[in-house]
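Here come two complexes built around chain A, the first alongside chain B, the second alongside chain C.
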Partner chain A sequence: MLAPMKYAAPATVEEARALLAADGGARVFAGATDLIPQIRAGRPEPSMMIDLKRIDRLSGIARAGSTWTIGAATPTADIVAHAGFAAEFPGLAEASGLIGSDQIQNRCTWGGNLVNASPAADTPPALIVNDAKAVIASAGGERTVAAAEVATGPGATCLGADEIIVEFTLASPPPRTADAYLRLIPRTEMDIAVVGAAARVTLAPDGAVTAAAVALGAVAPTVVRVPDAEAALIGGPLTDDALEAVAQAASAACRPIDDKRGTVAYRRRVAGVLARRAVAIAADRAAADQRGASS
Partner chain B sequence: MSVGRSRARIDAAAKLTGEARFPADRAPAGALHAFAVFTNQPHARLVSLDLEPARAAPGVVAVLGSADVAVNEYGLTMFDQPVFVGLEHTGRSPVPCDVSRWEADHLALVVAESPGAARAAAAAIEAVWAPLPVLADIDEALASDVLIHPYDGRGSNRYCSYRIRKGDMARGWAEAAVTVASVYELPYQEHAYLQPEAALAYIDAEGRVTVEVAGQWAHEDREQIAHALDLDEERVRVVYPPIGGAFGGREDMSLQIVLALAALRLHEMGVDRPVAARWSREESIVGHHKRHRGRIEARWGAAADGRITAVSNTAWLDAGAYNYTSNKVLGNCHLGQAGPYEVPNAEIDSHAVYTNSTPGGAFRGFGAPQAAFAAETQVNKLAEALGMDPVEIRRINSLRDGSVGITQTPLPAGVTLPAVIDRCAAEAAAGPSEEAPDPSGDGNGGTAPDPSGDGNSNGTGAGAFSPFLSLPGSPGALRRGRGFACALKNVGFSFGFPERCEATIVLHGDGDEPDRAELYHAGAEVGQGAHTVFAQMAAEATGVAPERIEAFWSDTATSGDSGSASASRLTFMAGNAILGAAEEAEKAWIDGARPATGRFRFVPPPTEPFDLEDGRCTPNFAYGYVAQHVELTVDTETGHIRVDRVVSAHDVGRAVNPDLVVGQIEGGVVQGHGYALSEDLRSDGGRILNPRLSAYLIPGIGDIPARVDSVVMEMADPIGPWGARGMAEMPLIPYAAAVAAAVHDATGVWFDALPLTPDRVLAALEAAQSP
Partner chain C sequence: MSRVHVTCTVNGDETEFLCDGGQTLLNALRDELGLTGAKEGCGTGDCGSCSVIIDGRLTCSCLVLAPEAQGAAVLTVEGLASGDDLHPLQQSFLEGAALQCGVCTPGILMAAAALLDRNPDPTETEVRYGLAGNLCRCTGYDKIVRSVLAAADSQRTTSQRTNTEETA
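Entry: the complex of A and B
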């Protein structure tokens, strides 16, 4: 018989890192909403499950000045319910509120969503358009990595064997800036994205787009930024032509696969639809944003 | 009155509190655990098999295989499947057992001290296979010289066929002003009941091999167990505890025979411990049959006045590796090929084909949904070709009292479809009777009536359509449409099968009138509310207060044969049996017997099988009727479909329990919604690719129609108890065709293949736009 799996609930990041470093078969977890199904589907059981939820620093939502800090093990339900955060990052809140179901959202976390490195994860595109940073505890202290750099391929990340994401930082968006996230699945919930699209738009008082970010999920091994879409938006008003250019660029940027959830052709087509709609929603929100309005 | 009232379900409290113990909850402390080992071979010959390594594994008590089965064969309507694939056997079955024809054929049953030990030991079984050609679908099976059941003497994988020849086809085509020809592709559907297969077996105090299991026909389960184990039926007992859904998926054997075998062999080894087993969801989806996939080629003609003049259909159903009930499902599908219409001229051929894929079998509707999708879509296309309203063409052609059916005999009296069609159309036109729910939650309303009334207007604005919580529609992308379809469905067993249902009632009391009654009935409570309805009917029939009915359910040791929970038959059949038993008991009471026992076996009017040449027969003794109207919205940029409103009108004869009738309508519509829109079971090379509910998408609460208006009509069936007809399958049958018609109304594109998943819808819309 195999040795029974061990469980540990360290109180500090250093303790957790020490446990991880001492046992090559150990895995950290927060919600375990990916880990447990993976084990049930036949992946090898970890020798030890290290629960990060008892570490104070890993849970919580705080704002200091213009910087938000979100613990990596904070349940996404808490993020969705945080009115102050959701007012500044409505798209990131939407992405957080689309994972699985209400029950799943009471357990799942940004940290887990990012390091599980599923190409179809919902929060990474929204984290990336908001230029979120991941703070990673390492042997030598801490390092900070852009959220966009964490996943390197399906199931693969830039984290070393004994590294743990501790928290995320986000700068408050400038005035007349907003994000949006849309996800396509065949049904309303409890499913994995066929395509996800995040957008963030900053408007000048005259309505011209001054900054834009577009990122797609589930259409490539990792999240895809769409610089051609961003370039098509920046410098002009949000016209139908500009939105059509966004759709074209998004479709062109996809490198999807055929699988049970959708064909290459379908993913390409709807990636453009979702990108265009996400940009339009983000721009509507940005136009309505009164924070720091000077005109 | 007890009949006609929405009494609370008698099993509600136990099921809500968790007191009800379903088959997987019943293993007592000290039970052994069994694991059924599938061959995982869609088509292969067994070269060698060594069970000894599993027998030597830790915690293993016994490993059973083909040599342990007295008569190594089973099947609900044909013995064509070995209980175990193996090399050793008693020689008492003509079915060769050295070939695996299906990935879920069984190789062994491992009995051990724990589920984990049983599963681990199974991995030690050593089997060597010689591959045989895998005939994965109908086309491959028809094209190949390889026979899946060569010993059956038929010489073809096409093993069951029926014909209908009626009227004069040349005349039918000559009278046709329009003709419509299409090929319909019908998908599998998985039952996806809440409770995967589970069972407990033991030797009871009377020495009977006893199996507690979820099934649909306790006496038939007993018969199949007794046959394979070569036991007298009285030495076998089948008990149904609470059942977590069935829908036809429990008509055939799962764990019944192998666990009964384990209890018997353990007993012979001197091990008198109960043995339990349960399938995982994946094992359940791989291990039980599906709604048949198939193909229907249809060419229909209609005269300028709307009369259907000719129907020429050929239907193919993929029976899979074993017959299960395919011969019966094919018969019902065959009967439905011409729809519920007066058709003067018809030539219809229907075939079942063995393949190495999952068996097709019983599933709510039993072949009728496939037939109805083709027939109703054909009628809708004829209406379009004639420029006629889809309701009007049905009024012109509908079967009615006195009609001669497609099998050239009159229908049983009480054909109410014309009234059901009219009522459905009237309710549809009247609009929602109360404030519609707002699925988008934005206060704009989700189901606003189409102001133009032409069924083709766009959405009512941003947010009015929110198919998916994540994905509000873009106003310019939305198209709305409406569709109509109708159907009939037989109530009770068809085609000469010996239909019957037994009930026993015992009246107690010290006074002039009985004040308490016992009811013994085997009819399966599969979640539909049958036991509540039986108790209501027993109270009504005896005059005893409903709370003074003490019922004993679904135990072959105490109840007579009820027939199955299938074919929308239990209310009709059990009600007549209960009426008869109450009458017998009352006679005994008047004669002074205390207690007074009445036993009754209800036998309905006889039916007949299809004539082999022209299909002439009296196929059924009763029918239920349904018409449906569907309103939906299509997002033409993503292919998503949102059903905004369904009107489902039914003649149920008499609603014994109106709330339960509405529950069946809503449940049937939801199950039909999955069949029409999202449920996509993938199979390749004889293997199911997505045997889990994360990848096989049944509708969730956010996906189902925003509104279902259930219309319950009560036009008595002449021979139904209190006039009741069956109704449980009917809501599913026309739904897919009504959806396809509404999508066509919205987009101008016909869909002849199901399910209408977003990717398929978008691909077809884009193809239609391409020059």
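Entry: the complex of A and C
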């Protein structure tokens, strides 16, 4: 098993892209926490494994002005442990810290989580409510795509055969804004989402919701945004009625499947519950957010 | 096909080995270097019995390609003891009967070592989360968790004593 593969560790994005373009059987990887198990489960073996971790630009967490840049091959353990980042994006840090074990989080990455395109992936809903952008290296240079546009179906992405996600960018949230991510699994660790729900809320000083985003994982082929939930929140205070409308809109937006982790009916119900709770947590955090406070 | 030449540090010793491009680090440790402490349980990163510490990071060596170890410092269970002196975790596992068949033990010791390195005074809950990536089919985990807590206690006592002696 795995024996005939070649291994390459390019030092630059261009080198990596050239290797990928020259060999249709080559695959790029960082943590390989999905790729190696898939190969072991019988997926075709790549002819070459291209390790992206030796490319400086692909690893690291930096903030310049109000823009955060996170290398696509940065282990999620580093993201979780980055106090400055986690303070601004607690929900995205939560989602990053829920993937597998410590062993997995020391290897797995946002880039891999997104391009593996599992419907149940934890970080995509949280990336999407924060309007994360993926910077993709292409033949003609680079293009920037919303994280929401990367996965096009289970295991399918918008990336061309010779394209690589280089980094993610995120705008620092405005004052009184916060996110949250909740996931249901049958145990407390080491499982895959039955449902995942991410929310981000911005509050006016009087408590009215001025912006909201809700996204669900594991209930459709790709992450589902819930515009009806967002509309129900924006413009008013966070009342029980508004939260109930969020739950109903989330349940209605699901297009889930029956599988060993849950039935269609269960997933719909849980999606509503998690969406409502995630919105409430995000709003509590937004209300407690002191950044930009006048006093 | 030509094999890949890898130079790295394993348990503090400069080491070199030849491997195939698609060979896992677990496989290279066991078959090229004869370090059979790390075990292959699942081969998919679920059971943790292959856990090793690479450049300070706890990792499933079954999900690492051997050539990735180029230039890295790899710590396996074979490097945990200092000569004949067992690591406090190894000692407390023996005293606490924290193993039965022993297949998971090398991985659990490495996960526990990584945890105590990061958090010398963990709560029981923190120990349980820290070991969530390691499966044991024999013990029911309770003796493992107690032994990790006991090792943390003894490590802290030892370092306090050392500090006091140095101050005195």
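FYI, the second predicted complex is superposed on the first by the 291 of 295 C-alpha atoms of A that agree within 3 Å, B and C clash if a C-alpha of one lies under 4 Å from a C-alpha of the other, contacts with A are read in each partner's own complex, and residues count from 1 in each chain.
Here is the rule we use: contacts are C-beta pairs under 8 Å (C-beta built on N, C-alpha and C of every residue); 3 or more make two chains touch, one makes a residue touch a chain.
Every value quoted in this text rests on a predicted model; they were computed, and no experiment measured them.
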item	value
Which superposed partner A:190 touches (first chain B, second chain C, both, neither)	both
First (chain B), second (chain C), both or neither touched by A:75	second
Contacts of A:182 with chain B and chain C, given as first, second, both or neither	first
Partner chain(s) touched by A:32 [first = chain B, second = chain C, both, neither]	second
Which superposed partner A:45 touches (first chain B, second chain C, both, neither)	second
Chain A residues contacted in one complex by chain B, in the other by chain C	1, 37, 188-190
Chain C partner contacts - residues on chain A that touch it in the complex	1-7, 9, 31-33, 36-37, 40-41, 45, 48-49, 51, 53, 75, 77, 100-104, 106-107, 188-190
Touching residues (chain side chain B, partner chain A) in the complex	58, 467-472, 474, 637-639, 678, 682, 689-690, 694-695, 697, 699-700, 702-703, 757-759, 762-763, 766
Contact footprint of chain B on chain A as seen in their complex	1, 37, 94, 98, 181-192, 194, 260, 262-263, 265-266, 269-270, 273-274, 277, 280
Chain C residues touching chain A - in the complex, by the definition given at the top	1, 4, 20-24, 43-46, 48, 51, 57-60, 62-65, 67-68, 70, 111, 114-115, 129-130, 132-134
